[in-house]
Structures are given as C-alpha cells and as structure tokens.
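Input: a single structure, listed below in structure tokens.
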C-alpha cells in the first residue's frame, strides 16, 4: 500500500525500471509498445530510457532487444538458429505474385491496388491480397484522396517483426531504389501528370519522422 | 531509313541460341505473370543494362513471340495482345520520323517509360528476393516460447452520491406510508386539462397566434406553474396538430411557437 | 569428459554455450532438461556449467533462470509479478439495495440487521452488508443489549469523508428532505413534527459516543 503510494510520487530508480522492462519484454511473444510498458509500470517511469540500457546489456548475448516499428521485443540471436529446429515454424510457401506484391507494398507504401498492378503489369488477384492481409503482413492504410478514394495498403508491425526490420525505412536497398527514382510512380507520358505529386507522399513520409 | 536497316540488322543479330530461347519461352507461356514480365524476360536476352535497352528490339522480340504463339495456336490472354498492339504502335512511331506539329508524347518518351517500367519491375523483383532472404522470425530468430499471460484484474469501484443516499432514504420513508409515491398535483397542469382548454379556443384562431397566449390564467407568473402549463399546452397542441385540428409552426430553434386553426384547403390535401 | 574428447570435438567456448542455453530457454515453450540442451547444442557442450553462469548473470534481474522439476526455464522475478497484471477499474453505480441499506445505517445508526429489514420492508442479503463492509462505508458498532445481543452497524469515517460530511448528524433531516422535494409532505400521518422527533431519537445515540 505504502509502496504504491510512494511510487505515485517517485518513479522507481532507473535500474529498477530496466528490470521491469526486461520482465515485460520477456513475458511477451508480441512486441510491446512504449505506451503499453508505461501503462504497466509505476507512474513516472520512462521505459524508453530504460530500454537504452537494456538493449546495451543484451548486446552479443543469446537473445537481443530489438525494435519493431514503434514497439520492442526480445528475439534470439540469428546466429543461434541452428539450435532451434524444434521451434522452427514451417514457413508458408508464398506464390511469386504474393512475394512481389508484398515487396511492392513495403517499398511503395502507401500503395493502391491499381499502382501494384501498374508496377507488376498484371492484375493482382483478390486471393493474393487476401493472403497477405490474412498473414497480417499488410493492412489497409488511409484512402487516397484521388477520384474514387481508393484504399491503400501498408505493411504491418507483424511484417517488420517477421523480417527483422526496425522500420520500413530499413528495407534492404531502399535508399538506392529511391535515389534511382525507381520508387516514383511515373505515369505514362501524356496520361496526365497529377499522379506524380501524389506519389511523392509515398515512402517519403517514412523519412520525415 | 537508317532505322529500317538497323531493324533488319537486329534480326540477323539474333543468334540461333536466342531463337531457341524465344521458342522455349512460348512453351513456357503459362509461367509468365503478364506481358511486362514477359518483356522483362525477353530483355534479358539483350544482355545489357536495362537503362541501355533497345526498346525497338524488345518490341520486335515481343511481336515475334506473339506471332509464334499464334502459329502454335496458343491462346494468349487479352492483355498480351493489348501489349502487342501497343508495341506495334510504338515500333511504328520509333521507325517513322515524327510528324511535324503532332500532339502527344514522343516515341522516345514512350520508349523511355517502358524501359522505366521494366527497370522498376526488375528492381522490385530484386528487392523481393532480398526481403525473402532476410533472417526470418520463426526460422532464423525466435520469439519467446511462452508468453506469460497478463492477468486481467478487474476492479469494480462502486459509487454513490449523497443525493443517491437521500433519495433512497426518502424512497424508503414514503414506502412506509403504504401508498404509492405520488406527485403533489396542486401546481401541475396536465395535458388533459390543456387539451380541454385548447379545444374550446383553437376554433377561433384563424391567424397565427403565439402558443404562450393559450396558457391558462394565473399560471404565467410563478415559474414552476408556468413551466408545467407551457409543457402541457405544447403537448396538447402537438396532439391537436396530429388530429388535424390545428397547424403549428416555429421559424427556428427557440423561436416562439405559433398555432392556428387548420385551414380547410389543407385538410383536403 | 576428458581433455582429449574436448579437443577432438572442439566444444564452443563456455561464453558461447551460455548464449546458447539462454536462447534455448528463452524460445522454448516448456522447461528444458539438461539432456535436451545437450542434444541440441554442439557436441561436447556442457549446459550444466553454462547454466551456472547464466543463472548468476540473471541474479537480481527482471527475469530469473529457475529450475522446474528437473528442467530449466526463464521466469519473471516474483517481485515484478505486479507487471503481469492489468488492472481495469470499472465504475459502477451502487445497487439500490446497497444504497438503501447504507442510507438506513447512516440515518438510524447504530442499527441492527433486523431493524434495517424492518425499515426497508424486505430482507437484506448477506452480500449487501458484506459489500458495504468491504467498501469500508459501514462497520460493526456495539452489540445491542437486547436478547440475542445482535450486532449493530454504523457508518465509518471513510464514509463521511467520501460523502463530504462532518458527521452523520449533518445528513439532511426529514424536514430538509421534504423541503428539497425528496419527501412527500402529505404522506406523513399527523404531519406535525413527530416524524422528525422520532428521527432525532434515532440519531440521538450518535451524540453519546
């Protein structure tokens, strides 16, 4: 009783907070957001700061503290994968269409179905999108403010977690692709240039924060 | 002219192995994910950087592919044929000198766009491969095997106010009297009373009249009595309007409410 | 294990073995026996020794390496168990029975259960009294010096605090309730002051202690 009362006024020492973050992350399979940690820790705690120390503490260890989007998780070190045959989950075999669609969503997000089709030069089957949605690798983003207000797709935290990415900014080769202009959605010449302005708000949004 | 000779030159440049490859492509037509994918595969035979690709040569290869498919009576999906038509158009544009003053994008722009599309598709393929080659959760690195369930402790906080308390007590005390709880009706003007009163009056209301003027005498001064009389009169006029005996109007929210006797022609509507 | 064996199979350094045990324990669904660890680790590994170091490393941390039967697991430090609870506070209106009982205790204290029932005209459930006791709004008063020596109930200081009363005497009397329109005047037989007097005798005992 007195302890809780006390904590209302004084946040626990940083070392204690680090222990708490450690316990919370160990206890969860899913990444945990700072906000969730804050809600569970005593008032006045600063999980973000505790995480800096915790992350350092686990450097080079058998498990690591990793950032997944705006959440945090503990994951085993990839070099120890060979120990984990027992835990290995059968990876779902994805069609070429699904893999390419996933990559296009990741690199071009937020992206409309029409844009995916434009890039692949072929219609995207309903099943492909459904499969990626079902795997929770992509989700609906905001509607595009263009005629028809088409839905857009973006990748999920689950996707980042599964592919070991801190954020969509860390996608392999993203910078090079951007620099080469390959993430632009250039319209066919003569087909109206409005689209380009719209497109610039694509992955560029990711770089702003 | 120069372009024509270039074209025939390209045709001859196609080696036997390339021709065989093109034939193999036909057999494999189901393996392509649309015309752009096919174009990308064809472009590989040029063995150059996609940025330096000869779109004209590519168009030739594609058209040749479509021709062969037709010869082998392979049914091509509509989008392959649309692409073929577009490439035939592009080819003619590339070969002919530009018409002076012609509108629309130049052949070079169209060719450059096609090259861009191919390069972008190739880049996405490459990116997808890199993505899939990454260390993966559940294959190369692993999550916690068992999660400690977060126990949800539901704490119910009951609340009651002093008013609740007093009202409860009042309720009990009234119940003690073994009679149902009843309002003191001295200062209550009922809708029935209001209806009776208005039925006698509305017949004379040919013009719009403020509802307030229908309040019974002696009820307009004391706020409490005024409130109950107003409410009852208003409810009664709604009832009369429903019965078609009067019309009721209010120009805007909170504006005075006026009523008048129903007009005969309205009743006929 | 002899030195020759060790050199033959070249077991990984102990620090590496510690990492391995850490990763295995982390990722496993069930506690892991030494034998299982040994089977999964490179030949010549000594998980028992690695465990000694790993256990020490986790001493005082947010999670601990614990023995479960003859197997090992990583578990939250017991003092941090509170982090694994999510408290949701639900505001709920007190039941009518409870409010009435509370009102009777407040106006008539000290009052016995039989008296409460008499006033309410219905039986008072054990749960209602318990709830009020648990909320610390009422407490047991002195036993009544009547046959059976029944317990009485009185309101608590906490009740007075929460309802903003200096004492139970500050509760509005019947007159005031009437004035506030909470009581029907005419309902009271002999509409004089009798009721109020009676009320005062109810509360009079309050003044004595």
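Per-chain numbering from 1; labels A, B and C assigned in written order.
Assume contacts are C-beta pairs under 8 Å (C-beta built on N, C-alpha and C of every residue); 3 or more make two chains touch, one makes a residue touch a chain.
It should be emphasised that the depicted structure is a prediction, and the values quoted were computed from it without experimental measurement.
Closest to the protein's overall CA centre, chain by chain, comes A.
Chain centres here are means of the Cα atoms, and by that rule the chain farthest away from chain B is C. If each chain is reduced to the centroid of its CA atoms, chain A and chain B end up 25 Å from each other. One finds 39 Å separating the Cα centroids of chain A and chain C. Taking each chain's centre as the average of its CA atoms, chain B and chain C sit 47 Å apart.
Of all residues in chain A, those that touch two or more other chains are 26-27, 74, 76-77, 84, 87.
Those residues of chain B in touch with two or more other chains are numbered 142-146, 148, 150. Residue ranges of chain B in contact with chain A, taken from their complex: 33-37, 39, 79, 104-106, 109-110, 112-113, 116-117, 119-121, 123-128, 130-132, 134-148, 150. The touching residues of chain A, when paired with chain C in their complex, are 18-24, 26-27, 39-41, 60-63, 74, 76-77, 80, 83-87. Residues 23, 26-30, 75-76, 84-94, 96, 98-100, 102-104, 106-107, 119-121, 131, 135, 163-165, 171-172, 174, 177, 180, 182-189 of chain C are the ones that touch chain B when the two sit in their complex. Note for the complex: chain B touches chain C at residues 142-146, 148-162, 164-177, 179, 181-182, 184.
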